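You will see subunit A twice below: alongside subunit B first, and alongside subunit C after that.
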Partner chain A sequence: MPFDSETASLAVPPTIEVQDLWLRYRSSQEATLKRTLVGMTQRRKVTRYVEALRGVSFTVQRGSVCGVIGRNGAGKSTLFRTICGILTPSEGRVVVRGHVTPLFSLGIGFNRELTGRENVLLGGLAMGLAPEEVQEQYQAIVAFAELADAIDYPMRTYSSGMSARLGFAVAVHLDPEIVLIDEALAAGDARFKKKSSDKISELCERDCTVMIITHGVRIISSLADRCLWLDKGRVMAEGPAPDVVDAYLRFEGVLDEATAAEDM
Partner chain B sequence: MYERGSSALRELAGARELLRNLTSRELKVRYKRSTLGFLWTLLNPLLMMAVFTLVFSTAFKTTIEWFPVYFLSGYLPFAFFQASVMIATGSIVGNAGLITKVYFPRAVLPLSVVASQLVHLLLGIGVLLGALVVLDLASDSADFDFVPYLPVLVLAIVLLAAFAMGMALLFSAGNTFLRDIGEFLPVGFLLWFYATPVIYQVDFLPEDWRWVLLLNPLTYYVQLFRDALYDPHWPAPATVAAATVCAAVSLVVGWTLFVRLSERFAKEV
Partner chain C sequence: MAEPSSSPTVHVYEPTDTGLPPLHRYLREIWGRRAFMWHLSRSELKAQHYDTVIGQAWIVLDPLLEAAVYYLLRTVVRPIGTDAERNALLAHLIMAVFFFGYTRASLMGGTKAILSNRNTVLNSSLPRLVFPLVAVIEAFLDFLPTFVVYMGLHVLLGQPITAALLWLPLILVLLTMFNLGLALLASTVTVFFRDASDILPYATRIWLYVSPVLFTVSEVPPNIAPYLKLNPMYWFLGSLELIFTGHGPTAKGLFMMTVFAVAVFGLGAFYFLRRERDLAVRL
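Let's look at the complex of A and B:
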């Protein structure tokens, strides 16, 4: 079910529209002069190409929550990076109507030598916000992340849970139109997971479009309207979240949903 | 947020705040752990000057008048260029954390390095100007009447900064795909230093070797700084023309290649 004609025919154009997207990584060993020369003289290939996405198509409607599931290496993070514009499609088309706030697995650790505070500002500016816009939300971000004093220490001193919380707090407070969340919920403790899923529901009520990658299928079932299942760079299924999650669990042979849910 | 598909230059203009933030961070981080901190910006060229003056007045018996002034008016622009390019070269690879997580105009990374080095250059020149005023007053034989020629100084700084930006863009993009560039640079710049008339005068070189200086763009920029500071007079039109052409070519080539290659940075870092 690569293209959902039912939703595409609605009058409002979809917020995210991906058409026949291919993404190829050039997976070389470090491209040094020596290896390059050796490769040339011995006519041996030093580069390998990895097709991380092979003809992916789907749409996400405004204000909806779309879960993305699949094994490790399925191409989920690659898909998100392409939607944010970090990666350029090798082939195909990505149309995004609105401003994307990306959020990646280990939070906003842009520069681990900088303090949490400096990272928040740097990240905000890199996302194209004005310094005042970041400043305005700064207190709320720190409060939500529950970091207290740690905010003025270098991020290399943070636990992965702490940087994930900060990353999540930044993404949801910078007044996003579209948020992409890549396994960010995985690192928080149980209480923070609850708090962040509440926050996501709140964003959805505000007309915000959310895409979320997680191994926690229970989160998908409770939060997402629709779900996209990727495997080896292809779309296996796209549709109402419970159906896709079901198909995924059956395919993986993890029928016991509780086992899979613990992974989250 | 940067609209994709809008022109790369317009995107860059929209990232002014990010550029400013990165520049001030660059300035702060550099001296964070040293006791003398920012003073090193001024101490470094002065110490270099002391060393070269000592060597050249004892071992080599230089005939260049006011050698310390001659040296600094060439060394400050050279050091600015060298530091800009060398630090910028690692700026894409060194910011992998940012590049793989957010989309923003990548050019702000090398350009913020050049901007922060420009601050160091301006401080150094400020000190040199102060020293020239003192020398002019204290010594009868000294004649450093640079004030009427300040436009030459401004022109020299603008053209050199443009040349350095182009080279910083070129080297930072190139180094992302061929890391050997960063390794080669220390030796490369040592050669470049001796191929630039910083510690000698052009006519010290045998005729057979002058072509090296003519092919080296830095010769023209150093000459412009000397025209403004060491021996204040209006520069030869040929020097201005050569410096302008080199700056324009460097900017156009550096920017074009950078924009073309930057699409692939996130896959390579």
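Let's look at the complex of A and C:
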């Protein structure tokens, strides 16, 4: 690539690069031995495919926040799972430069029988950190989550908001490079939402790249640099956050913006 | 174009319907998760056994009671003459039930490894192999106390302590490899056939009856021996029986254990890694 001083910033490769990504789920009945035996005699195929992503392309630059919006079932979670390497593309290509820390709405919680404290340790170790590295950040994580005594109770006793707090606290304290947040903040209370959006801004100053799925369009307008709007597996728009949010709300006919902005 | 030094890891995800993941990188990923696997197994066992004395004792008491039932069965069917013979039979039954239990627990743990971690599999990018590995680590940690108790009973029942016991670590390594292969196979098969775990309790029961648990290898009539020898547990339990009665394992026994360990582990690992990227879309 010839060096051009005007486009020098473009010469830095994007952190996340998605090129013509297609993803098909196999959606058949739950496979069992019994059904397979019956199926062999009946010669009937029950496999159907769901095209969750149909030719999605976009890039995300280092140190930026990219919001992702769209209806339920638009393919947002599927996109995140593909960027994490959990799902393999059916077609297309995903290039990720850096280590991804996923944070899904189901939260951490490797074992809900275990206490929050044990799950924090497991969450850090699962990210490939050494026990000492997790231990160093341990106090900060617990303090940020503000769970008080509940930190020593089994996670099955937590409300979804409490699990979300803990998951977020773990993900942001262990020096992440790329964070994907899938509706993980939705369950938090107002105070926690404020706190977590401050934390996200802080992460970006440290060159961390963030992608966030949320139905709360207000937070996207204020926090995100750019926004990606998915519908039925296709990109409807990608660009500066306020413009895309605007287009999305107009398209959905949600003129009363207050309703849409309520949740994060 | 060279990557800037600030981004050391580059992941490229592309359609791959054939082949294995790059093994070198995969093994490094697993190795990087060793602390995770260790802590997960430890804390899951702690949660299971409720960290109580009764819970701990049950790990040993349960197989001991099973061995006691088999002992009653055996002595009712054909009363045994001398005390020495009775002690030898009891020691054999306890040994065989404990070691068979390790294999059975690995297999059962394997069937649940992926299915019961559905959320984690769908929401984290951990190499999936850690789940069946954790199942085998848990089976091993549950096996350890039973092994210690067996060694105590071994002495109490007046069984010989000889240099032949030095073969034990090697046999344990081969058995663990075999168990891991079983767990890998079981964890994949149950995702594709959800009812496979329903027939497992019956299958393991039959497997126990055709393994040298209720009988010793030396008691096997020659006319059925060729069939029993198709069973990997014939070789594992047979070799253990030899070293616990003061004999070295046979060369053929060592060979067959190695063949079964390598074959089952290789098959399990290959099948698992081939199917691994398919698992998430089928959960």
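A few comments on the model shown:
Criterion: the second predicted complex is superposed on the first by the 254 of 264 C-alpha atoms of A that agree within 3 Å, B and C clash if a C-alpha of one lies under 4 Å from a C-alpha of the other, contacts with A are read in each partner's own complex, and residues count from 1 in each chain.
The rule is simple: contacts are C-beta pairs under 8 Å (C-beta built on N, C-alpha and C of every residue); 3 or more make two chains touch, one makes a residue touch a chain.
It should be emphasised that the depicted structure is a prediction, and the values quoted were computed from it without experimental measurement.
With subunit A as the common reference for superposition, the partners subunit B and subunit C occupy clashing space. Of the two partner chains placed around the shared chain by superposition, subunit C is the only one that A:V12 touches, whereas subunit B remains out of contact.
For subunit A, the partner that touches more of its residues is C, with subunit B and subunit C as the two candidates. After overlaying the two complexes on the shared chain, residue contacts for A:R97 are found with subunit C alone; subunit B is out of touch. By the document's definition of touching, neither partner reaches A:A247: not subunit B, not subunit C. According to the touch criterion, the shared surface of subunit A, contacted by subunit B in one complex and subunit C in the other, consists of residues 25-26, 30-33, 36, 81, 84-88, 96, 99-100, 102, 104, 109-111, 113-114, 118, 121-122, 125-126, 128, 130-131.
Taken in their complex, subunit A has these residues touching subunit C: 1, 12-13, 15, 25-26, 30-34, 36, 62, 81-100, 102, 104, 106, 109-111, 113-114, 118, 121-122, 125-126, 128, 130-131, 154, 177, 207.
Against subunit A, in their complex, subunit B makes its touches with residues 1-2, 4, 14-15, 17-18, 21-22, 25, 29, 95, 97-104, 177-180, 263-264, 266-268.
Residues 25-26, 30-33, 36, 81, 84-88, 96, 99-100, 102, 104, 108-114, 118, 121-123, 125-131 of subunit A touch subunit B in their complex. Note for the complex: subunit C touches subunit A at residues 1, 3-4, 6-7, 9-16, 29, 32-33, 35-36, 39-40, 43-44, 47, 117, 119-126, 192-196, 199, 277, 280-282.
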